[in-house]
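Have a look at the structure that comes next, please.
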Amino acid sequence: MTRPIRVTVWGENRHEQHDESVARIYPDGMHSTIADGIRENLGDGAVVRTATLDEPEHGLTEEVLAATDVLTWWGHAAHGEVSDEVVERVHRHVLSGMGLIVLHSGHWSKIFVKLMGTSCTLRWRSDHDRELVWTVDPTHPIAQGVPQPIDIPAQEMYGEFFDIPAPDELVFISSFSGGEVFRSGCTFRRGHGRILYFSPGDQEYPVYHHRDVRRVIANGVAWAASDRAERALPTLMRYETGEFFRGADYAHAAPEIAEARAAAEVRDA
Amino acid sequence: MTRPIRVTVWGENRHEQHDESVARIYPDGMHSTIADGIRENLGDGAVVRTATLDEPEHGLTEEVLAATDVLTWWGHAAHGEVSDEVVERVHRHVLSGMGLIVLHSGHWSKIFVKLMGTSCTLRWRSDHDRELVWTVDPTHPIAQGVPQPIDIPAQEMYGEFFDIPAPDELVFISSFSGGEVFRSGCTFRRGHGRILYFSPGDQEYPVYHHRDVRRVIANGVAWAASDRAERALPTLMRYETGEFFRGADYAHAAPEIAEARAAAEVRDA
Amino acid sequence: MTRPIRVTVWGENRHEQHDESVARIYPDGMHSTIADGIRENLGDGAVVRTATLDEPEHGLTEEVLAATDVLTWWGHAAHGEVSDEVVERVHRHVLSGMGLIVLHSGHWSKIFVKLMGTSCTLRWRSDHDRELVWTVDPTHPIAQGVPQPIDIPAQEMYGEFFDIPAPDELVFISSFSGGEVFRSGCTFRRGHGRILYFSPGDQEYPVYHHRDVRRVIANGVAWAASDRAERALPTLMRYETGEFFRGADYAHAAPEIAEARAAAEVRDA
Amino acid sequence: MTRPIRVTVWGENRHEQHDESVARIYPDGMHSTIADGIRENLGDGAVVRTATLDEPEHGLTEEVLAATDVLTWWGHAAHGEVSDEVVERVHRHVLSGMGLIVLHSGHWSKIFVKLMGTSCTLRWRSDHDRELVWTVDPTHPIAQGVPQPIDIPAQEMYGEFFDIPAPDELVFISSFSGGEVFRSGCTFRRGHGRILYFSPGDQEYPVYHHRDVRRVIANGVAWAASDRAERALPTLMRYETGEFFRGADYAHAAPEIAEARAAAEVRDA
């Protein structure tokens, strides 16, 4: 990508309003801290804005998403308040080529669950575990510039079994001082989009101030930005024999079933 | 599995009613032919029943699914008529350990799209292409007992790009006489369940009478039957430090957020 | 596999002779203990024999390998004494369909290094770490019948980065009380053969007496036994247009380059 | 990578000397044509040199490899003449972080066979098949800027089963007019290095003059260039409890087995 990557950092921004302990760690909201970490690492290579749950359309209008190369997502207590319409919109943009970085408790966000197709459940405990984040794919761009391991003094524990599809690439595995392990850095390709799930980061601990965590998120943003020339949704098309480049859409190709398929398309879109 | 595998073959069973050309090939419905192919190959190793769209709850009640080790799915023109409630039920059973074999145009069924998280679109043409199905994983149990390649004289063409997650295992790749290729045998693990997508089989061609196609479907059924002792949905649980085996569910572990999570659970279940 | 699986348990059997501490734990050699664990779990389903380094041809003649469905491998201090000829023979049998279970310090055996193509290096420490073995693929036959996690009170630590190819399936991840993590259960398919690497097990600790470790090794044996009808090495063949089933070998197909290729074949065989 | 990528294009350069038909297509050798294609696409982003079999040490001295970010490899009739010492050297550099692009009949080169651990055999025919190269991973940087499919009017046929490990990423699948399919674009990560195998390209056909083939090779070069700061071989190290960053090598850590391990290291290095 030769121009700066356009990043939208989405935050639920509820704990920061209601929990004094969280507000002390993140006085401007976790989304602001995450955004700062990306700017700090990518510099002129990124233009970063933020959006939050309580804005109209959660700050994720069609216009915003169309102008977003990579979206980062942090949510926790209010997953259920995210409107299905916005989830469908984000889903469509991811399949069309927008990068997506899902952080920590975002594992149970509607958008992540929809993209994975699984329950995305896990084991957990919030008890000041030390988390060590080990690189298991040292060739991966997301793992560059961080120590082996990343040492996070206090963190919520997330443990296996984490019910996700086997990741396309497993980049990080974490251990916790209680003895649990977690696939903490996982990539997925869905449609034309690239997805990173990266688990460190809880509202009760200052994880998004951690230098190495910020570096990984910034690396993830750079990696998730599409190399494709245009954003486009994969589409079902009919091709005549010997014609590889010009396909017909359903309406023209098979009128008798177009209606049923169109109904399905509406549902999926 | 030491007892016979309990198989439910699900068929949309609409083309067979309305299209004379289809009824000629499949006078008892495609589901009957598919079921016969499984019986033919697995013998006493399987007990096979069928279910169809127009039965109450599409023949897929909680009782039927609870007594089904592996479900096979063929649908095409009426994906939109499958009730969301039944789709959620099947989804829950797959994540809990029920095997699922998705056939041909089932690529656009609600259940497959939900499990994949992608658009599941592809390129296609119905023009009597010859399909050759090549084994690319000769160690896989699903690929045993069939020639290299399987030769299907006439078939609908399904071509790439097929918008699915990269399969956990790629077992078969097909070529078509028009020059297209397709990842025609793909496995996926989701939750506690195993899924096979196998593309040969269209209502307009006698593909489910083909010896090798029947063998692959039967192999898939045997492979997809769970080795797990019990059917159980992966569940989010809290574990105290040093306690690895007894977790607490949300209601008891974190009452303040239990409500929001419970809402999410209802949505996902 | 309808007949009993024919298993050969290979052991280096040196520590047991020279280190009193090891002999106390494994008075009949580690190979005997490993063999007992397989018999204990598979019963009539397996016929198990052992072979050791100091036998002629290390006990791994062509006849023995031809009559072995699954070979297990434990070596440590004497990797360099294993003859290259025997390594080539084992390699050929694995690519032809023999299953292989590589245990613990076998990560640096000639046969494993040759099959992986990487350095197979790792980080380690022998300091009585507690190892917890977590299942991350609960659908896998190798993970059946063991607790989550397997608890091994004292073990040598093996840690990441473990320089292996990304496994085809990652079944287990271990944590150690020192904080390290390790991909401790990994499957690989090579040629017509299935390979499991399973790391628990050091000569200084009674790991092969551990009930769950024995279960995993037995599960691995059952999984690695080939489903293929015959043992055969993948072979380069020339096929005429339209002829899919009868190929010509190099000598007949391309005499001018047959010599160079044959030289390569000798090297690879 | 902020400086230009240093590319070494290696060619066997024998057919070009002895076969008039090949010399007509590649008057300056295939390596020159491949090098031109990389320059054409990467411009100032790459500095490209060539090396051939008949140079001293095949043109691949320690100095040359140390100054090479990405090596491309084309060989065919003289695989057996490549010295084992050079193969070990290239292998060590790949595991240390050098990128490697293996082209066409390089599938049977010593270096590729050593990195894969398999037989790397396939089915083939040289009979002017049309090859269509289909993208199955449209998010991959290697697949950018080429049509779906790439149309190669005449090519040698390479078909499945191709005995390689399941690739980390499957980018391209080819069909041939004779009906065969082939996994024609495969990535592998080994040690700290990235490897692309890309099959189009035979000495009898002008494939390396094809615009899209040249684009893919150049994309592959850009992708394979390491993001790591330094070239370094993965090394076995001992770490004390609580000490994550400073490991001890074998000589200091475990003198009693250092000798055997050192012997193994010499073999592997």
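The chains carry the letters A, B, C and D, assigned in the order they are written, with residues numbered from 1 in each.
Everything below uses one rule, namely that a residue touches a chain if its C-beta (ideal position, glycine included) is under 8 Å from a C-beta of that chain, and two chains touch if they have at least 3 such contacts.
Computed from a predicted structure; not experimentally measured.
J.: In contact with chain A and with chain C at once: which chains are those? Just list them.
T.: Shared contacts of chain A and chain C: B, D.
J.: Do chain C and chain D, two copies of one chain sequence, contact each other through the same residue numbers, with over half in common, or through different ones?
T.: same
J.: Of the chain pairs B-D and A-D, which one is connected by the greater count of C-beta contacts?
T.: When A-D is set beside B-D, the one with more contacts is B-D.
J.: If you average the Cα atoms of chain A and of chain D to get two centres, how far apart are those centres in Å?
T.: Roughly 33 Å, centre to centre.
J.: If you average the Cα atoms of chain C and of chain D to get two centres, how far apart are those centres in Å?
T.: The mean C-alpha positions of chain C and chain D differ by 28 Å.
J.: If you average the CA atoms of chain B and of chain D, how many Å lie between those two points?
T.: Using C-alpha averages as centres, the distance is 38 Å.
J.: In chain D, what residues contact two or more other chains?
T.: Answer for chain D, listing residues that touch two or more other chains: 132, 137-138, 148-149, 159, 161, 166, 168-169, 179-180, 189, 234, 244.
J.: Can you check the complex and tell me which residues of chain D touch chain C?
T.: 76-81, 95, 108, 110, 113-125, 127, 129, 159, 161, 163, 165-166, 168, 178-180, 188-191, 233-242, 244, 247, 257, 260-261, 263-264, 267-268
J.: Can you list the chain C residues touching chain A in their complex?
T.: Residues 130, 132, 134-138, 148-149, 159-162, 166, 169-170, 173-177, 179-181, 183.
J.: Inside the complex, what are the residues of chain A that reach chain D?
T.: 97, 132, 137-139, 141, 144-145, 147-149, 151, 168-169, 189, 192-194, 226-229, 234, 244-245
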